[in-house]
Amino acid sequence: MAWTEYLTPLLQGAWVTVQLTVYSTILGAILAFAFGIGKLSPNWLIKAISVGYIEIFRGTSLLVQLFWLYFALPVAGQAVGLDLRLPPVVAGVLALSLNIGAYGAEVVRGAIQAVQKNQYEAARALNFTPRQALFGVALPQAIPEMMPPFGNLAVQNLKDTALVSLISLGDLAFRAEQLRNFTQDSTTIFTLVLFMYFGMALVLTAIMKLLERFVGRWRHASN
Amino acid sequence: MTDPIIKFDKVGKSYGSLKVLDGLDFEVKRGEKVTIIGPSGSGKSTVLRVLMTLETINDGVVYVGNEPLWHEQRSGALVPAGEEHLRKMRRQLGMVFQQFNLFPHMTVRRNIAEAPVKVLGLSRQDANQRAEELLEMVGLADQAHKYPHQLSGGQQQRVGIARALAMRPKVMLFDEPTSALDPELVGEVLNVIARLASEHDLTMLLVTHEMRFAREVSDRVCFFDKGQMKEQGTPDELFTAPREQRTRDFLKAVLNG
Amino acid sequence: ATLDEIKASGTIRIAVANEIPYGYVDPNGEALGAGPDVAKHIVEQLGIENIEWVTTNFSSLIPGLQADRFDMVAAEMAILPERCAQVIYSEPNSSYGEGLLVPAGNPKNIHAYADFAENPDLKVAIMAGADQLEMMQALGVPEANLVTIASNADAISTVSTGRADAYAATSLTATGLASQGSGVEVAGEFVDPVIDGNEVRSWGGFVFAEGSTDLRDAVNEVLAEFKQTEDWAAILTGYGFSQADVDGSSHRTTAELCAAE
Amino acid sequence: MLFGIEWDTSSELAFAWSILPILLIGLWVTIQATVLGFVVALVLGLVLAVLKGAPSRFVSWPANVLCEFIRDTPLLIQLFFLYYVLPEYGLVLPAFMTGALALGLQYSAYTSEVYRAGLQAIGRDQREAARALNFPSAHTFTHVLLPQAIPRIIPAMGNYLVSIMKDVPVLSVVTVLEMLNVAKIIGDRTFDYMVPLSMVGGLYLIMTLVASAGVRLLDTRLPKQGLPLK
Amino acid sequence: MTDPIIKFDKVGKSYGSLKVLDGLDFEVKRGEKVTIIGPSGSGKSTVLRVLMTLETINDGVVYVGNEPLWHEQRSGALVPAGEEHLRKMRRQLGMVFQQFNLFPHMTVRRNIAEAPVKVLGLSRQDANQRAEELLEMVGLADQAHKYPHQLSGGQQQRVGIARALAMRPKVMLFDEPTSALDPELVGEVLNVIARLASEHDLTMLLVTHEMRFAREVSDRVCFFDKGQMKEQGTPDELFTAPREQRTRDFLKAVLNG
């Protein structure tokens, strides 16, 4: 087979990779905000849950999480009489977003805490409620700070999608393995695949940069 | 006008073993303009921050308008106040910070109008109008739509003053409002404060190192050292004939510059 | 799922493990192999319209059935007693013997599975979840000399680069791989392993989850008829099965194989 | 049975207890791969950092692109590439070595940034003071910049060490018998994935919590002002 | 003593389109104490940084002791200087920075002794002795074994002065040496500088906002604006009777404090 014949199946796989990346990045961002803000909550229960979530998913390997969700969770579900046999797509997206969400939560927490204390003091002096101070003062300043690390996490997440091939999801890495199974032409296939991932990462980085400019518009206002 | 609007009654405050306020007694009368001076670390900022409820106290009672600031009267006894009470008390005070502390993501107008909308419940329109009047007053009518980082330090601090005034406080607190400014920009801020002092019957409490200005604008100057008020008097008394040795030393060191 | 549920939805999910020639998917997404070709005929007979092909690792076939990720496995998986405890099998669809894939020229002179038990310096690759593991264990091959690979596709590289001295698989798999890659060949003069006094031969069938008895029974019914036809034999021989393999498939029943010690 | 150790499936607890020694054998491989990968990352990272900072653009630009490329492509594919492609050019490394190399390569892109940032964090101020005092540039590097950079670099490197440990399971795809692979094989053979996989998760959690606490402790112990010179 | 030790000859320096030095002509005589004042951004620091070879120039020639600083005479023509030449020229200059820029990982003594050992080739022992003499001079004899962060800002700056002096420069450059200090600590640093000025025949070039000090200590005060020297004179001339409107405005704004 000529290398051009590899393109069709590889592009199909790349499309799956793109979808996985988009879904899990969005879900991961939601988790990141929920638990990042949760970790700063004065309510100890919310705080404990957030800390637990963050530590567990940052503290274990993504592949372990993925295998656990795919292989072990159904067994655990059976034990309590629940049907937890997740389809590969769900298990994949869930593992990816739970993992990236835990890292993102630390970014969110860090960025909120990095908002200068004097901003909270100004808010308090003007009699804002803590909630108004968080959503009106702290978050709008923290979000632009989060964007560069979020950009890195999004690329990390794109790369991590390759692991879902190990639970038989037809992403780019899976297609590559399947092709190699047929042709044993490892050099061409893996070179192509490396460049395809690189290309997707560059596009993703560019999108995150645009997003960063958008959420930090006020910083760029000039005279 | 003889009723004290602010009163510190044997107030103590410590960080660990460091006593920052040490049994402080201190009063400000309604409409009075008082300047606090003193060496670094003497507790000047702490007095303002306690009043603005940014720091708690460990001992004693602070009164604002005859009501305890940090305590509530409950079944006769004074108990530590809840957030509700603090919010009510805070309404009477406005603060201008050394580092301006403007909200960098809001336009100048929004910086001023945000609290009136969110806290006082004004309509956005009314709040904007109030903001524009205040900007007019501090000489920045044409800067309403800029962001803080587009302004010079002196302009930012004038916005800071307008922002505090927008809440119509009874007492204004200024914590070294010009010490983060380039020397050339100090004047424009002091001018605004001087106008405020002369044209309004606001009570004003000002911490500053600008001795000449303190002399011009204040009714009374208080010298702080080690968390206590060591000496007070009219500007003329204190600057020309300080009674305490510590005060003399301090004034000598500072005025030498 | 039950047969009724599948008929209602109109789609059956069938898994293969990407093993040539038992069951695999070509780059165009077309399922091929002894299992899939027969399965296609059976499914048609059962009146089910669509087949959704799922490719997965061999070791994920049984867990996948149990987790309801697919309804049926068409990988010519060998019928073994310990597997019968986890899942249910159709009657045999094929039978096949063992083989070895070795580097070209067979430098280590390997001709039998027993060689690995005798020479502790030899490393042998097996696929995760495949029954060669049990054979090696029964022959007394040390665990440290087993290299577990995830799929057949890795075998050529593993053997040709010397990461293992040979790959133990069924004779058909070995032949298929030898034709695909340079630098490897099928070990000549292969001696069939003898375990508990019996030469090893495996019988492959379709596999279902515990709850799918009605589906299994329906498949058995169609399969029994189909095995009488020339078409069926042509499918198997077309993928390289010998006449002995084709005939041998009827020499055992699933019940016997499951009950065996 | 694995590694000559039998398991006991009479109850979940007995099963867990009986496979623990097997998992610990896998854990030992995980630790070896982590350490080896980390060493490769430290060395390759330093090389990349030096190349990226080279005065000639013909050196720094390709180094930067290479770094970006390594950072933007998945470890799994890099591992496959090294494992399957290198042998075609005559370089056959055992699976474990290939795995450690892939880990080291992937993380060298990150460690090179740590080196660079560590040196840059020593502000312009310090360089200017050294220049005003006419220090030779080698002396500025060894006596002013490095002593201040090292305490900043160590904690970040420690964090990458923990990250590498969490990436070791990927090596299972090329037959390395690290902890997750061992657990997976136990699962394949017993059809019980719940116990071994949960145990791997638990062991990982313990290891990373301990390692992270170690890094934090180290961070507080390191002299913030730089390695002191009397 | 009439020979200029420093001479800027039509020096230009830009950052992109921003002209920071604009055809600057400026001289300092051997032994002279010159103060530069001027608004923020006028190029004061840049003059010192160019002299210390921390910034290059785009135009003109700077002479130090009659030799071009940034150029070498090669076969008659002036060409940009190599590092060799710069190292030789730099020996004549010492600089004290606004932010002190001490080496945080070296003891006070080592901060001072390091350059004499590495650059002048003194023995560690001789360099330590020189360091201790200088610490004596700046009143820190007992602090030799501390690290910078264990000292107050004023003490750190005095170490900074000692460090620069240890290289025995002919010209000392001070860039706002007290503006990062608490007001009470300013005096101790200015005292050291004043002693240096009166007791040594060092050439001194000082950028400061401490007008009173500038008046006392300098032979000449130069007013900079927009990258040019707009006016110069003795302190008495410049502070009491500035000729330029721009100078008057600046002085009014600054002295108002």
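Letters A, B, C, D and E mark the chains in the order given here, with residues in each chain numbered from 1 onward.
FYI, a residue touches a chain if its C-beta (ideal position, glycine included) is under 8 Å from a C-beta of that chain, and two chains touch if they have at least 3 such contacts.
Here the structure is a predicted model, which means the values were calculated and not measured.
**Student:** Chains in contact with subunit C and with subunit E: which ones?
**Tutor:** Where subunit C and subunit E share a partner, that partner set is D.
**Student:** Farthest chain from subunit E, comparing Cα centres?
**Tutor:** So the farthest one, by centre of C-alpha atoms, is C.
**Student:** Let me spell it out: compute each chain's centre from its C-alpha atoms, then which one is farthest from subunit B's centre?
**Tutor:** C
**Student:** Which chain pair racks up the highest number of C-beta contacts?
**Tutor:** Most contacting pair of chains: A-D.
**Student:** Distance from the CA centroid of subunit C to that of subunit D, rounded to the nearest Å?
**Tutor:** Using C-alpha averages as centres, the distance is 39 Å.
**Student:** Round to the nearest whole Å and give the separation of the Cα centres of subunit D and subunit E.
**Tutor:** Those two chain centres are 48 Å apart.
**Student:** Averaged over CA atoms, how far is the centre of subunit A from the centre of subunit D? Could you give it in whole Å?
**Tutor:** Chain centroid spacing, subunit A to subunit D, equals 21 Å.
**Student:** Check each residue of subunit A and list the ones that touch at least two other chains.
**Tutor:** Residues 71, 166, 177, 180, 186.
**Student:** Specify, in ascending order, the residues of subunit C that touch 2 or more different other chains.
**Tutor:** Each of 63, 66, 157 in subunit C touches at least two other chains.
**Student:** Which parts of subunit E, given as residue numbers and ranges, touch two or more other chains?
**Tutor:** In subunit E, no residue touches at least two other chains, as defined above.
**Student:** Between which chains is there touch?
**Tutor:** Applying the touch criterion to every chain pair yields A-B, A-C, A-D, B-E, C-D, D-E.
**Student:** Which bits of subunit A are touching subunit C when the two form their complex?
**Tutor:** It comes out as residues 1, 5-6, 8-9, 71, 74, 85, 87-88, 166-168, 170, 177-182, 184, 186.
**Student:** Using the touch definition up top, name the residues of subunit C that touch subunit D in the complex.
**Tutor:** Residues 59, 62-63, 66, 86, 128-129, 133, 137, 143-144, 147-150, 154, 157-158, 160-163 of subunit C touch subunit D in their complex.
**Student:** Can you name the residues of subunit B that touch subunit E in the complex?
**Tutor:** Touching subunit E: residues 39-40, 182-184, 186-187, 190, 209-210, 212-213, 250, 253-254, 256-257 of subunit B.
**Student:** Once bound in the complex, which stretches of subunit C touch subunit A?
**Tutor:** Per the touch definition, subunit C meets subunit A at residues 18, 24-28, 54-57, 60, 63-64, 66-69, 151-153, 156-157, 180-181.
**Student:** For a test of understanding, state which residues of subunit A touch subunit D in their complex under the given definition.
**Tutor:** Per the stated touch rule, the residues are 55-56, 58-65, 67-68, 71-72, 75-76, 79, 155, 159-163, 165-166, 173, 176-177, 180, 186-187, 190-191, 193-194, 197-198, 201-202, 205.
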